[in-house]
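Read through the structures below before going on.
Each of the next two complexes has chain A plus one more chain, namely chain B in the first and chain C in the second.
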Partner chain A sequence: MDLFLQLLANGLVIGTFYALSALGLTLVFGLMRIVNFAHGELYVIGGLLGWSLTDQLGLNFFLALAIVVFALAVIGYLIDRFMMSRVRGQGEEPTILLTIGLSIFITNTALLIVGTAPLKVVSPFANKPLFLGPVVLTQSRLMLVVICIAIILGAHLLIQKTSIGRAMRATFQDAMAAQLAGIRTAHIYGFTFALGAALAGAAGMLLGSIYVAQATIGGLVSLKAFVVVILGGMGSFAGAIAGGLILGVAEALWGGYVATGYVDAIGFALVIVMLLLRPYGLFGKHNERA
Partner chain B sequence: MSDTSPILELRNVDAAYGKVKSLHGISIRVAPGEVVALIGANGAGKSTTLRAISGLLAPTAGDIQFEGRSIAGRRPDLIVRGGIAHCPEERHVWPDLTVQENLHLGAYLCRDKGEVAKREEMVLQRFPRLRERAKQAAGTLSGGEQQMLAIGRALMSAPKLLLLDEPSLGLSPVITMEVLSVIRDLRDQGITIVLVEQNVHNALSVASRAYVLSTGRVVAEDSGAALLNNAEVLRAYLSG
Partner chain C sequence: MVFERNFLLAAFAVAVLVPLVVQGEYAMHIGVLIMFSVMLATSFNLIVGYVGELPLGHTAFLGIGAYVAALLSSTFGLAFHWTLICAAVIAAIFGLFIGAITLRLRGPFFVIVTLCFAEVLRLIANNWIDLTNGPMGISGIPKPDWAMSGDVLQQKVSFYYVGIGLAAITLYLSYRFVYSNIGRAAIAVRENRFVAQSVGIWPFYFGLVTFVLAAAISGVAGGYYAYYVSFVGPEVFGFSFMISMLIMVLAGGKGTLVGPVVGAVLVVLLEEFLRDFKDLRFSIFGLVVVAVVLFLPQGLMGFITKRHEAYKVRQARDA
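Right after this comes the complex of A and B.
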């Protein structure tokens, strides 16, 4: 029983990380109908930037996080303004090709600058173990979970409760009506992509402090994010959270009870089962919007 | 039309979708406080004319003046800010947003919360059914209610000029009468209205003048009564 609780706790912690890592992907898809294959690479930029700010420049962790979020938002906005906007309204294929090209470009640029070495974001949180009944967690992981939850909650409130969030939802439901209400839709597209990129970058930096930041992991991050998003339902905010937790717990239990070798394959097995039983995912509807 | 200077004037406006030209030298004058109808068969260019005014489609030639200043080709948000609201064909409410969110977005450019609440209250008094359904997704409303919402949303920007594109489309006669009486109320309140209507009798029951459009051109212009008497013109251009 104690082992189960420990594995469950580990799974929920990692699941929260997965949820944040996938949130930007599902948001950009749910609102903009863009499948962003460069999502993992934006995460990589966040991690590498976080490393250079905390390790190379010695900045405070939270200040660095704020800079990363802002920088990725700017990058995301520019990507939308100068690339995605050119293929807007031309169906899904051009955006898929464009984001795949972008992912290759980012990975190779990152390789050129920092090489293949795994780099660690410097975190202010100790690796001291905390004992919660039978469960042991490190302080750093617990703190990260808290930060992830805060960011997820913040994104939710931004979209549901603020005027700009309402303008985002309106633009993606009916862009013409949004224009007629005085909403500058070009900005809204850019802003939404910026939000997705900022979330990816935040995840990359946060997780780079307990795992590593590395130029080449973008592909794997995207893959896991797709697993999470397909499990939860493409475009669903709640789905990304549920999908992340399910994946985290399933991997932890499998790793603890069965074999550590095939942990990365669990997600794909879950996806196949989900696609057979409920092709739109747990929270997805045929026309789901975030 | 009276001698007062027009609030809206289109001078020889051309507009095109890509390479296909849809408007050929449209000229229209609307005096302050007037209700003017645009009538014409399907594809005549009525909606395109409204789109050119509200900035959805930049004219390729000619000029559009609002309150004496050119607005041709300006961004839609600036045109809304200037006091023109366009209530488009087929309503275009945001189906997954609530009635209240739809209304609030109508006042998107107004940063004064108290003012927004005041306008909302006025709209809800005009359309009490929207109040009952404030928290309901707009997509679940009936066609008539959606039309009320679309008009209410347009009014939330406190326009001086309201462009209404076929507000009675697909509505029952009873609801159509309701919409027409709302238009009369708005006119009496001093809002200038350009009304696109397929149903000539409905249009002329609220409008003092009408322009008849055919294949992107103005082919007739007269007072409502004169047009109704001129059955020949109507038959020629409205049968489609």
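Right after this comes the complex of A and C.
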């Protein structure tokens, strides 16, 4: 029983991290319908930038985080305005190829600059173990879960309560009607992609302080993020959280009780089963069928 | 149709004559790679170009073909042609299974779920050590009889000619398929699914037939690759083969039989050319991909067709 509780706690913590790393993709893939294979690479840029700011330059963690978020937002906006906007409305093949080209470029350029070594973002939180009954967690992980929840809530409020969030939702429901209502949709597309990139970068830096930032993990991050978004349902933050938690707990339990070899396959198997049984995802709306 | 046939026949003649002019091991190695890529790109194009969905896990069939050929030849000592037939059949069975599940989905979901299947197969190849020898892979695949004689150059030339034969069979089958009733029905589905359904075409069935054919061709390509490299590891299921295939087809021009052939030749040559740039080469390759999407959205063949049509319009106006 104690083992089960420990595995469950580990799963929930990792699941929150999965949800965080998939948040950006929830916007870009779930709302904008861009199958963004460069998502993991934006995450990598965030992690590497965070490492160079905190470890190399010795900046404060939260100041560095703000810089990372801003830089990634600018990068995301530029990517959308100069690349994505040119292939918008041509189906998913050009965007997939475009983002794959981008991810090859980013990964290999990052490899040229920092090499393959795993790099650690300097964390402001102590790595002390906390004993909660039979369950052991480290302080830094618990703090990060709190930050994750804050970021997820903030993004949710931004989309649901602010006027720019309303403009975003209008644009992705019906771009033409939104334009007629006076929304500058080109800006909204750029802003949404920028927000997605900023969230990906923030996730990369935050998780780089617990695990490591590495130039080559982008592909794996992208795949897991796609799994989380599809499990939860397209474009829903509640779905991203649920998808992340399900994936985290399922992997932790499978790894603890069955075998560690196939842990990475769990997510893919879940997605295949999910799309066969519930093609709308757990929280998707019915007009967003697979 | 006539243009495609003539172009493919001309390409076949050129490919057969090349070893008489260009000599050398390296040239033959590139030739073998081109033939392998032509098979892969043609099979991938059958789904992208004629079903209109993007199977990002097409390496599943390549990998299965490669593993089947490797296991059958090294464990049971089966001859080259038998293993290739087995590779085609088993890849086709997997194609039937995976296609039956994934062709219910559309757009991005189809993309991701096919990718999931390829990843699951890669993880199985990595972990089922009794069968696949895990990450170490299967090495020492015996050479087929026809590649035993002569020096290294002679062996490469043999591989090259067998590759031409296989690629020619692939293209002949694809040609007959695309211009058969099944192929025309598939094009109708691609162009407008609802109109096609209203005249009695069952999209799922035609999609599945195309999917199975493409899987079988990929399986053969995988078997050929396994014999040539004489080593198979889990990376045959990996994303790098997928990226090459995707770029060949979309840069060459999807939905035509000529496009993927041109794309395969160009991409293989580009990858070899970029070797001079050493560490920079992958970064440059990524930029080239981005540039192709932005500036040649219909692929090379689409670009040529458009120019050709504009030219004809101008001529008609001048006359």
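A few points about this structure:
Throughout what follows, the second predicted complex is superposed on the first by the 285 of 290 C-alpha atoms of A that agree within 3 Å, B and C clash if a C-alpha of one lies under 4 Å from a C-alpha of the other, contacts with A are read in each partner's own complex, and residues count from 1 in each chain.
Criterion: a residue touches a chain if its C-beta (ideal position, glycine included) is under 8 Å from a C-beta of that chain, and two chains touch if they have at least 3 such contacts.
Since the structure is predicted, the reported quantities are computational estimates derived from the model, not experimental observations.
The wider contact with chain A, measured as residues touched, comes from C rather than the other of chain B and chain C.
In the overlay built on the shared chain, the residue A:58 is in contact with neither chain B nor chain C. Residue contacts after overlaying the shared chain place A:169 against chain B, while chain C stays out of touching range. Of the two partner chains placed by superposition, only chain B is touched by A:180; chain C is not.
Taken in their complex, chain B has these residues touching chain A: 54-56, 75-77, 80-81, 85-86, 88, 92-97, 101, 104-106, 108-109, 153-154, 157. Remark: chain A residues 163, 166-167, 169-170, 173-174, 176-184, 289 touch chain B in the complex. Contact residues on chain C toward chain A in their complex (touch as defined above): 48, 54, 56, 101, 104-109, 111-113, 115-117, 119-120, 123-124, 126-127, 239, 243, 246-247, 250, 254, 279-280, 282-283, 285-290, 292-294, 297.
Those residues of chain A whose C-beta lies close enough to touch chain C in the complex are 29, 33, 35, 83, 86-87, 90, 92-94, 96-98, 100-109, 111-112, 219, 223, 226-227, 230, 261-262, 264-265, 268-269, 271-272, 275-276, 279, 290.
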